[in-house]
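Here subunit A shows up in two complexes: once beside subunit B, once beside subunit C.
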Partner chain A sequence: MKVTSIGNERARIRRREILLSLLPVVLILAVFRVYPIVVALAKSFTNWNGLYRSDFIGFKNYVDFVNDGPFWMILRNTMILLINVPLQVFLGIVIALLLYEQVPGWRIYRAVIYTPQIISAVIIGFLFKIFFGLEGPFNAILNAVGLQGLAIEWFGNSLTALGVIVFSIVWFSIGWQAIVILGGLSAIPPSVFEAAIIDGANYWQRAFRIVIPMLVRVLEFSVIASGVWSLTQLFPFLFSMTKGGPGYETSTLDYMIYLKSFGMGFGTDYGSATAVAVMLLVLVLALTIMEMKLADRADDWG
Partner chain B sequence: MLTFIYPLYYMLINSLKTRTSYFTNPFGLPVGALQWENYTTMVSQFQILNLFKNSFVIAAVTVVLLLFVCTFASYVFAKYRFRGKKAVYLAVIATMFIPSQVTIIPLYLLFSKLGMVNTPWSVILSYLALFMPEAILLMTANFRGIIDEMLEAAEIDGCGYFQRLWNVIVPMGRAAIFLSIIFYFITAWNDLFTPMIFLQSMDKRTVMVALAALMGRYTGAPTLQFAGLLLSAIPALIVYFIFQRNIIRGLSVGAIK
Partner chain C sequence: MKRFTGPAFLFLLLLVALALVACAPKQAVKLTVWMNGSDSFIGPNEQQKPQEQWYISEAFRRFEKANPGVTLELVVQADQNAAHTNFKTAGLAGNAPDVANLWTGMPIFAMKEVILPLDKLVPADDLKKIVGWESVRDGFKADGTILGYPAGQNQICFMMYNKALVKKAGMDWDANPPRTIKDFDAALAKIKAIGVTPILVDEAAQSVNWFFTWICDYWWAQMTGNENIYAETLGQKKFADDQGFLKVLAYYRTLYTNGYFRKDLATSTDSFTQFINGKGAIWPSVTAQLADAEKALGADLGVLMPPEFDSSAKLQNSTIGGPGQSLVVAKNTKYPEMAVKLISFLNSKAEVLAAEKINRYPVVRTDITPADLGWAADSNIAKIQKYATTYNFWVDNQLTPDVANVFYIQCVLVATGKMTPAQFASEMDKKAGLK
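Right after this comes the complex of A and B.
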C-alpha cells in the first residue's frame, strides 16, 4: 500500500517535470511558428492588405500569380540557381577526400575552407557585387589581360547576374559540404581506402568508386538540405547583389514574398504575398518528405 | 585555398586606401599614409559600436534563452518515457521546415499588436522559435548518449530534477550545448532578413541592417564600404577562430545547417 502511494507520488512528479519542461517550447512554437502559418494559409485566399480589407477571393491570388505574375520567370531563375547544388556537392566531395587523406596542412585548410560560412551572406553578397561591378576588380583583370570584350556589366543581364550569384553561393557553401561529407567519410573503415590504394586506385577512382557509393545516405542529405536552403535562404544574396532585378529577372519565390509585402510600399499586397509563401511552403515540404522517404528506404537496406 | 582568404585581405588593404588610389590599383598594397579615417568614420558617424551593441544584445539574449528552454525539453525528450512523446517530438522538429519568409507577415502584425516592433524582443522571439527545433534535435541526440545509470544513481542519491540536469546532463552534454552557443550566436549576428523587417528605427538596427543601408547609399565611397564590411565580419570571425575545433568537430557528427 505504501509502495504504490510512493509510486504514485513519483509518477505525479514525473508528469509535472515533463509538462513544465516541454511547455515553454510548445508555447513559443505555437505562437511564433504555428499561428503565423495558419494565418498565412487562411489569408492567402483573401485580398488582405494587412489591415481591415480581407475578403475571401478563393484561389484568385494563386491563379493570378501563375497567369499574370512573373511566375515563369521565377521558375526559370530558381532552376538556374539550383545548379549551385550539384556544383557544391561535387566540389565538397573533392575537398573532403583531400582533407580525409590528410594532405599536408589539412588542418589549416579545414579551418580556412569553412570561413565563408562564418561571414554573413550580406557581406559576401556585397563583396561579389563589388568584385563583379563594371569598374570592379574582375573586369580590371579582364582588361589587363586583353579581354576587354568580356568586361561587361555582369549584373546588367539576368543570365550573367544569375551566374555570379550561383558562383557566390557555391563559394559560400563548399566549406559546409566538405565538413559534412568529411564527417561521413570518417565512418568508412580506413582499411577500404588502404586496400584501394594498394590495388592502385587513383584519386578520382577513389572518389567515384568508393566515396560516392558508400556515402549515398550522406550525399542525399546534403543534396536535399542544400536544395531546401537554396529555395529559402537566398534573400541576403539577392538583396545585396541584384535586388531581384532587373525587373524580376533574378527574383525567386522567397524574394517575391519580400517584394510583395515589404518591398513595394507597406502592406499593399499581403494576400498575394501569403499565396506565394504557401507555394514556397508546399515546395519545401515536398522536398523534405522526399528526403524522409529516401531515408526510410536507406534504413530498409541498412 | 587562397580564394577563401583573399576577399578578407582585399577588404583590409582597400579599406586603408583613398578613393583614388583604390580606383588606380585595387590589388596593390596601400601606398602613402594609411587611411584610418575610414575606420574612425565608421565609429564616429556611423555609430558602429552602437550597432555592435544592438547585434550583441539580440544574439546573446537569444542564445541564453534558447539554451535554457532547449536543455529542459531535450532532457525530457532524451531520457523520459511517456505516452505521445514521439508525436510531440516530431511536431516540434517539423516546424524546422517552415521557411521564415512564410511567417514573416503574420508575425509582423502580431508583434505590432503586442507593441514589440522596433524592439529587440521581436527579433529575439522570432529567432528563438526559428532555432529551437534544430537545437532540440541536436541536443536530444546528444543527451540520448548519456548513460542511464548515472541519472539513476543521481536520483537514488536524492538529486531532484534540477540537480540531475545540472550535475549530469549539462556536464555530459556540454559538447552539444557548446556548439549551439557558438553556432546560433554567429547565425543571429549574421542574419539580415528578420531584423530588417522588424527594426526600422536607426538606433535599434543591427549591424547587418545598417550595413545594407551603408552599401546602398555610399556607393561613391568604396573604401569606406570596405571598412564597414570588414568591421561587421570581424566579431563572428573572432568567435570562429577561437572555437574552430569545437565547431568543426560538432558539425561533422551532427549536421546542422
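Right after this comes the complex of A and C.
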C-alpha cells in the first residue's frame, strides 16, 4: 500500500511539473495566437471599422465578398500563385542533389543560391518589376535577339503577370528549399547508399527508391511551410510589382486584407478584412491537412 | 464716530475683495489643435526643422500674443486617414481636440455628429472672401450646414507639358492652347507623329486612376453635374444610366486605342521621370508637383488646362480642384467662439500670405492676387491661380468609400479595354447598392 501511495504521489508531482512546464507556452499561445484568432473570427461578423463601430451583421461580410465581382478572380489568383510550391520544391531537390554530390565549386553555388533570401522581398519585387517592364531589360534582350513578338507588357494581363510573380518567388525561395532538403539528405546514413550501390542500384534508382522516400518528412515540412508562406506572405512581392492590378488581376486573398483595411477611398473596412482573413485561414488549414494526409500516405508507400 | 467703524470696515473689506477679483487673472483658455503632418499648414520640408521654427508654431505664437490668456497646443497627426477615425472616436467620448485638420467633403460629412455646425459663428467677411465653402457644407449643398473652414492650400488639376516638344510638333500652346476635345485630339496626333508619347501617366500607380481623377473628372462633371454624380454615389441614380459618364469613359478608351497614352499605362511607374527627360509631351498633375517639374524642365515647362468636353455645357473654363483640407471644431469644445477665431485667423489674408513661404499653392482667398504673392503674371503658378476661384470641386471626394475603391482601382481597365464603360459603371452601381 505504502509503495503504491508513494508511486501515486510521484506521478502526481510529475504531472504537476509537466503542467507547470507547459503553462508558459500555453499562455503565450493563448494570448498571442488563440485570442487574436477568436477576436478576428468574432469581428468578421461585424461592421467593425477599427474603433468605434462594431455591430453584429451576421454573414454579410462573407456573402458580400463572395458576391463581389472580383472574388473568383482573387481566389483563382491565390491558387495560381501556389504553383510556385511544387516548382521550388522540385528545383530545390535538384539543386540539393547537385550540392550533395559535391559537384565542382559546390561551396560557392551553395552560398550564391542562398543569396536572394537575404535580400528584402520589396527590393526583389522592384527589381523584377523593372526587369520585366515594357521597356525593361528582359524585353530589350528579346528585341535584340529578334523575338519582338514575345516582348509584351508582362504585368499588363493576369496570366503573364502571375507568371512573373511565380518566377520571382521561385527565384527568391529556391536557396531556402535547397538548404532544407540538403539538410534532410545529410541525415541519411551513407551506409544506405553504399549498400544500394553494392546491390547494383543506379543513380536514378537511388534517387527515387532511397532519397525521395527518406525525405518525405522533410518535403512535407518544406511544402507546408512554403505553401502557408505563399498564401499569407506574398504581400511585399505583390505590392512592389503590381499593387494587385491592373484592376484586381493579380490580387490575392492576402492582398485583399490590405486593400480592405488600408486601401484608397478613405475606407477602413476592418470587419470585411477580417472576414477575408478568416477565409484565408480556413483555406490554409484545409490545404495543410490535405498535404499532411498525402505525406502520410507517401510515407506508408515508402 | 465709533459706531461707524464696523460698517466702514466691512465696506473696505468688500472693496478689497472686489479689487482682488478684478485683478485676478482671467480663466486660461487652452485649445488643442490637430494638424496634418503634410499638405497642410505644415510644409513638406518643415518637419526637418525644430517644431518651434515651423510656420504653424509661429502663427500660433502670433495668435496667442493677440489673445492674452489663450494657449494653443499643437498635436501633429502623421496619418490623416487614421486622424479621421480617431477624431470621431474622441468626439463620441467627448474629448476630441477643439480644432482638427481633416479632409473636406465626404470624410467630414460622415462624422457630423461630432462636428460643431459653424453657420452662426463664421464671420460674414470670411464667407465672402474665402472660396471652397461648398466643400465643407453638408451634402455639398449651397445651403448645407457649414461643418468647417476650407483651409490651407488649394490644389488645382492641370496638365504639364513640354514646350519644346509641342513646338517641335508645330504648335504653340501659350498662344493657342487646344480648348476643345477635337483640337486636343488633333494636337495629340501631331505630337504622336514626331515620335514621342503624347500623354505620360501611371494610371494605376498607388492604385489610383490619376488621369481620370485629375482631367476626365472635369469632363464628367461638365457632362453630368456634381449633384447628379452625388446622387449616383448615394444610389439614388445609376452610373450606368449616366450618358455623360459613359461618353467620357469611351473617350478615355480612345486615348489609349489611338496611342496617345503610353502603352503600359496600367503598369508603369516612371512617367514623371520620362516626362522630365523629354520622352513624353504631357503629364497630368496638381499644383503640389509644379515646383519639382519647373526645376527639371525650366522654361520648357508649360501648363495646359483641360479642354472643354462639351462647349454647350453650363460648366466652362474650369478644372478639377479645390481645398482638400478643412479645419473643423469639435462639438465638445468649451470655447467654440475662440476656436472659430483661431481658424479665421489662420485663413486671414496676412496668414495666408505668410503660409506661402512653406507651400506655393493657389490660395483659398479671393482678395489675394498673384502680385501679392510675388508671382510673375506669366508664370505657371499665376496661370493656375486664375482657376483658384472657378474650379469644380473634386469629383472623387464626392464618392462614397466603396464606390471610390472601384473607381480608383478598376477604371484603368476601361482604358486598356478589359472592361467596357457600361461594365465599369455597373460595378460602381453595385457598390452604391444598386444592381
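Methods note: the second predicted complex is superposed on the first by the 224 of 302 C-alpha atoms of A that agree within 3 Å, B and C clash if a C-alpha of one lies under 4 Å from a C-alpha of the other, contacts with A are read in each partner's own complex, and residues count from 1 in each chain.
Operating definition for what follows: a contact is a pair of C-beta atoms (placed from the backbone, for glycine too) under 8 Å apart; a residue touches a chain by one contact, two chains touch by 3 or more.
Just so it is clear, the model here is predicted, and its values are computed rather than measured.
A.B. asks: Give the label of whichever partner, subunit B or subunit C, reaches more residues of subunit A.
C.D. replies: B
A.B. asks: One more residue to check, A:V284. First (subunit B), second (subunit C), both or neither?
C.D. replies: first
A.B. asks: According to the stated criteria, A:G69 is in contact with first (subunit B), second (subunit C), both, or neither; which is it?
C.D. replies: Only subunit C; A:G69 stays clear of subunit B.
A.B. asks: Under the stated touch criterion, which partner chain does A:I257 make contact with: subunit B (first), subunit C (second), both, or neither?
C.D. replies: A:I257 contacts subunit B only, not subunit C.
A.B. asks: Have a look at where A:I123 lands relative to subunit B and subunit C in the superposition and call it first, second, both or neither.
C.D. replies: A:I123 sits against subunit B, while subunit C stays out of touch.
A.B. asks: Tell me which partner A:G163 touches in the superposition: subunit B (first), subunit C (second), both or neither.
C.D. replies: In the superposition, A:G163 touches no partner, neither subunit B nor subunit C.
A.B. asks: Go through the superposed model and pick first if A:G50 touches only subunit B, second if only subunit C, both, or neither.
C.D. replies: both
A.B. asks: On subunit A, what residues does subunit B touch that subunit C touches as well?
C.D. replies: 50, 129, 135, 262
A.B. asks: Name, in rising order, each residue of subunit A that touches subunit B in their complex.
C.D. replies: Residues 14-15, 17-18, 20-22, 24-26, 28-29, 31-37, 39-40, 43, 50, 109-116, 118-124, 126-127, 129-131, 135-137, 140, 171, 175-176, 179-180, 182-183, 186, 221-222, 225-226, 228-229, 231-232, 235-236, 239-240, 254, 257-258, 261-262, 270, 273-274, 277-278, 280-281, 284-285, 288 of subunit A touch subunit B in their complex.
A.B. asks: Okay, in this complex, where on subunit C does subunit A touch?
C.D. replies: 81, 84-86, 88-89, 92, 103, 106-107, 204-208, 263-264, 266-269, 399, 401-405, 407-410, 412-413, 416, 418-419, 427, 430
A.B. asks: Tell me, which parts of subunit A touch subunit C in their complex?
C.D. replies: 49-52, 68-69, 129, 133-135, 153, 155-157, 161, 242-249, 259, 262-269
A.B. asks: State the interface residues of subunit B toward subunit A in the complex, per the touch definition above.
C.D. replies: It comes out as residues 1, 3-5, 7-8, 10-11, 23, 26-27, 69-70, 72-73, 75-76, 80, 82, 88, 92, 95, 97-107, 109-110, 125-126, 128-130, 132-133, 136, 161, 186, 189-193, 197, 208, 211-212, 215, 222, 225, 229, 232-233, 236-237, 239-241, 244, 247-248, 251-253, 255, 257.
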